[in-house]
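Following this line, the structures themselves.
In what comes next, chain A is part of two complexes: it sits with chain B in the first one and with chain C in the second one.
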Partner chain A sequence: MKKIKLNTLENRHKINGMIMILPAFIYFIVFVYYPVAHLFKLSFFKYDFFKPHPEFIGLQNYIKLMTDADFLNGLGNTAYFALFMIIFSVGISFFLAIMIDKSKVLNNFYKIVYFMPYITPMVAVVLIWGWLFQPGEAGLINYFLSFFGIAPQSWLYNTRLAMPSLIVICVWQGLGYRTIIFIAGLKAIPQQYYEAAGIDGANAWQKIKYITFPCLKPVFQFVLIITTMEAFKIFIPMYVLTQGGPVGTTKTMVYNIYKQAFQFQKWGYAAVQVVVLFILLLSLALLQRRLTK
Partner chain B sequence: MRQRKFLKFILGRLKDVILLLGAVIMILPFFWVISTSFKTQKEAIAVPPTFIPENPILSNFTQVLGESFILRYFLNSIIVSGTVVIVALFFCSLTGYALAKFDFPGSKLFFLMVLGKLMIPVEALIIPLYLLILKLGWSDNLIALIVPTEMISAFGIFMMRQFITNFPDSIIESARLDGCGDFGIFWKIILPNMKPAMFTLGILLFVWSWSMFLWPLIVIDSPEKMTIQIGLERFSNQYFTQYGPKMAGVLLSLLPVLIVFLIFQRRVLESVTLSGLKE
Partner chain C sequence: MFKNNLLLFTLLFLGIIISPVFAAEEQVTVELMWESGETQGYERDVLNSLIEDFEEEHPGIKIKNNPFVGSSENYQAKLLTRLSAEAGPDMYSVGDNTLFRYAKAGMAEPVPEQLANSLKNDFTETLRDGMVSGLSWEGQLYGVPWNADYVSLWYNKDMFKEAGLTKLPSNLEELREYAIKLTKRENGRVVRSGISLRSHTGGAGQTDKWINFLTAMGGELFNKEMTETVINNKAGVKALEYFVDLIYEDKVDAVDLQPRDSDGFAQKKTAMFGRGPWVLAFLKDAAPDLNYGVAPFPGKSIPFIDALCVSDKSKEKEAAWTFLEWLMKPEVFARWQKEIGSIPLLQSIADMPYFQNNEILSGFAMQPLWDVPQHEKLYEIKIILGDYLEKACYKKLTPQEALDQAAKEISKILQED
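== the complex of A and B ==
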């Protein structure tokens, strides 16, 4: 008799638990997992403005993609952006973190100031830098460079300089976030390690090399993967400042996807490009999970 | 020994110089926006540039507020971000509570769904979601910016689950003995005790949804439905070479987030280190 009662109480909890997650469950099915399935399905169909009724075409979209100069250009540009974004933002933020962690005064001030750009919405950031990168001598960056005898450049309108300029903007914006993560990682390293190394006569560089680097390995992995993922999703600076130009040098994967899908309404063909991007990002995310485990 | 100390001193000063220089590089663009937004067009494009406006004017701001839809954009952004935050806080806490304190069939699978969502970027969903929105008749409607974005945030569920797991079972048990049901416990005990965590989550969701760009760009067409981010982009084309009004608009658009950050900076910085946010 008592056992049955206990069971019903337990069942009641089970049912209550299920009721509580039900809204979220339905939500994730409708707005996340069904769309993901739909995305993969779309990638096997010809479905665009001229063909409002999707037609199954197997792998043709995928085959077309492999020789599509626009897609390959976008992939190349994105990789180029990602490579330099990673090198500079991870490198600089690591050294910033070491320096900020060591400085006793203004520690908090630095954290806030370096983080400010990251919290600022990207559109505002990009518009501000568009103004700083203004061609001619009214542009602040050209003005500063004139002190070093460098002639004014037309940054965002120059095929060689446009992408590097956008990289500068994104590195500037993301520095603080990465710095804060590195600082947290540094704080977690036991101080005794350094003291022991100091007693053994290790110099500053040796301490960084033999203590800081190995202890920060998981943090490095995290920051590297997060930065790579962010870089492959880059869109706003290209959309707002250069519209993929000049002559397509700043067209990135997401920029191409946006154009194909929402301007030319080539749903099927855009879906394939999303699938490629998605698989890339998902494998990075899975790698990250595996590494942290 | 003395030489080493001297070297150390020099390195220390070098570090201070680099950090201060870096801080200037971080602040200067913000300063430049403020400065430009108070300048006349003539002064804005003057060579050499002036750092402090010689004849500061307010007309850029009055022009922007009077001519453009910027107030409307703000209102739309507040509606969107506000609704997202409130709804998300409720459902994230409820779902997090269920995952933390209940053992029910399918809870593992559901948790995997939450973790899976964390790994699916928005970019992967835009095309099928847009087609879904068309079917639902939600295109060019603010509801499309509220519901399919972070209204039930996987990150939020994950975070609330983490916090609620650490909440002592003994308190829940004693409430149960007093005759409180599972939902009563959630409402009267869990929610009031989770205020700090919910507050942090609320700030993160607010900043996130305030900054959202790609999705609103896709879904919204009419100017009176635009949020501040896409409105600002449209607006910047309108004032393409009028830097004063343009920067005034930029300044107005970034103020809310910056103010929230400066007030709650400790919380924001802490939460950033707790998790890889904003993804």
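== the complex of A and C ==
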């Protein structure tokens, strides 16, 4: 058997490195990899806390999921939410980043103002928006709309308006974080590129198209991945404001997982939905990486 | 001299070290974990004051008061996780008539015979059947009563007077007639509902409020054998049609009218609504000058019985039962019930002058109650039905379609077992 020589500098570096990463490695094994593996295992069982021994049921949970109207509705609602959340979040934050980056005055002030909602707890944000979205004339948004002759809307109780209202809340809350990331990306682009393009007669749009976009590709990739993750994991606004209603129009995948696990005590069936969400997110992340390469 | 001092110092030191050990041996600590709701901090304070008195009377027992603030689902998840990991509390509360599941799973200890008999003989008349069903499993009592909640009709006396209504509605037709008279509109929009209905949010809550309408029409959720649901029979459809018509034909309430329910009642935006006795404590704060009363709601209400029980894994069962037995003394339990504004659960408490003379609680005492079946999937069934009721209230489905589709899903669940 080949012995590892501890006296060589290279091996000592390797061993030191391993010791250094050991705590993080143990943490990941115990708190990330084991629970994920256990979750996969649980998806093949029928299990609730009232029964001490989980019952192995093979693929039954997966088969049931394929025809579960509630799950399919949640999947559709999540996709709808994610699509618009991604478009508006990325679009608006990129636009704001360019505006702030170009602005010579109050640059830092704007950064703080836009970042503020991100550090505010989501529940607090949602409750404040719930108050703004109140139906009738009691709601502040309806009050402002009344100046333009628009009748008061039931934002969170109307089947067509509830989901867009929640999208507005989430886009607003995460705007600052994404804007800061874009600003950091913009700062890293050498000014000479723009100066050279200016000398060559490029206009503002051409500069964005041929310099900013290509240079920001890795930043876009990162923002797209985190926004997609966030969008697919959305839960708090639905739980606090609409409880998945009206008529299930704001029931998302995670809301359904919560319902199956905590309300119905069907932990195995909830686990299957988490597995599907996990696979979906992983596939989307890989697809995005490929598309933005 | 030095030796004497050393001996004295050693003895003193040992005394300091050992004394807490002896003291600890004398005193046992039992943990009480209970669901205190989202905001009701005052319940914790009331219980703390009772615990102080208990500990004074029983110096050998210390009660660790562990209220859980949050939703029922989260409470149940935390409690069950602890119990299944055998790290549960000695005593815990169980809500929504689910005690039988804990008893069946061997997570709760039967109530000692003497206490069980004395409680059974003292359950109030109105709640007797509900309490026996809510606290028992296979004929044995597994918990002591802690709280109860069910819907009765809250009404604004001034609005009744203004509309010339001199007696209370005794059936659904009168309820509709009264609601129409009590509704106020401006430019065609309802600005004060005659009755605030649970028409949206779906879930178990919507079913809980609709059961009164169903039973008033002579309907039921299940057949007697609990093998199938009968919600989509004639009575069920009639009950849902009546409910939807109140919104769209009679226009006594609007789906988007805010504030509603207890908030709407406190702000005089609704004349009637169905809710439990907890509203009493809420109105004391939110609308102290409101002139209101409580009457039986047509049909039968679902009684929700919360229990306190002792974990079968507790190492201090005797101390735990000592505390619960003390808590069930009428003079002690009356303090709890009075402070939190509960319906009296024991006859010896209901007979006390405070409860006898309380007009609101007397209104609750007359409410007919539904026999809650001990079925493991009842909560899930109520959630599914509630979601379909909401679809009918939003006119996404007709009452017949909504109940047919709900019945199909519920039947599947019943067959699973």
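Observations on the structure shown:
Rule of thumb we're sticking to: the second predicted complex is superposed on the first by the 246 of 293 C-alpha atoms of A that agree within 3 Å, B and C clash if a C-alpha of one lies under 4 Å from a C-alpha of the other, contacts with A are read in each partner's own complex, and residues count from 1 in each chain.
Operating definition for what follows: a contact is a pair of C-beta atoms (placed from the backbone, for glycine too) under 8 Å apart; a residue touches a chain by one contact, two chains touch by 3 or more.
Computed from a predicted model, the values in this text were never measured in an experiment.
When the shared chain is aligned, chain B comes close enough to touch A:Leu281, but chain C does not. When the two structures are aligned on the shared chain, A:Thr159 is found in touch with chain C, with no touch to chain B. Within the superposed three-chain model, A:Phe264 lies in touch with chain C and out of touch with chain B [touch as defined at top].
Touch criterion met: A:Ala138 reaches chain B and chain C at once.
Contacts of A:Val272 after superposition: neither chain B nor chain C is touched. After overlaying the two complexes on the shared chain, residue contacts for A:Gly248 are found with chain C alone; chain B is out of touch.
In the superposition on chain A, contact of A:Leu65 is made with neither chain B nor chain C.
Look at A:Leu186: by the touch rule set out above, it reaches neither chain B nor chain C. Of the two partners chain B and chain C, more residues of chain A are touched by B.
Across the superposed pair, chain B and chain C both touch chain A at residues 136, 138, 258, 261-262.
Against chain A, in their complex, chain B makes its touches with residues 11, 15-16, 18-19, 22-23, 25-27, 29-30, 32-33, 36, 44-49, 91, 94-95, 97-99, 102-107, 110, 113-114, 116-121, 123-132, 147-148, 151-152, 154, 157, 181-183, 186, 207, 210-211, 213-214, 217-218, 228-230, 232-233, 236, 243, 246-247, 250, 253-254, 257-258, 261-262, 265, 268-269, 272-273, 276, 278-279.
Residues of chain C that touch chain A in their complex: 73-74, 76-77, 80-81, 83-84, 101-102, 104-105, 107, 200-203, 255-259, 376, 379-380, 383, 387, 390-391, 394, 396. Interface residues of chain A facing chain B in the complex, by the touch rule stated above, are 12-18, 20-21, 23-25, 27-28, 31-36, 38-39, 42, 96, 99-100, 102-103, 106, 109-117, 119-125, 127-129, 131-132, 136-138, 140, 143, 172, 175-177, 180-181, 183-184, 204, 222, 226, 229-230, 233, 235-236, 239-240, 254, 257-258, 261-262, 267, 270-271, 274, 277-278, 281-282, 285-286, 289.
On the chain A side of its complex with chain C, the touching residues are 49-52, 134-136, 138, 154, 157-159, 243-248, 258-259, 261-264.
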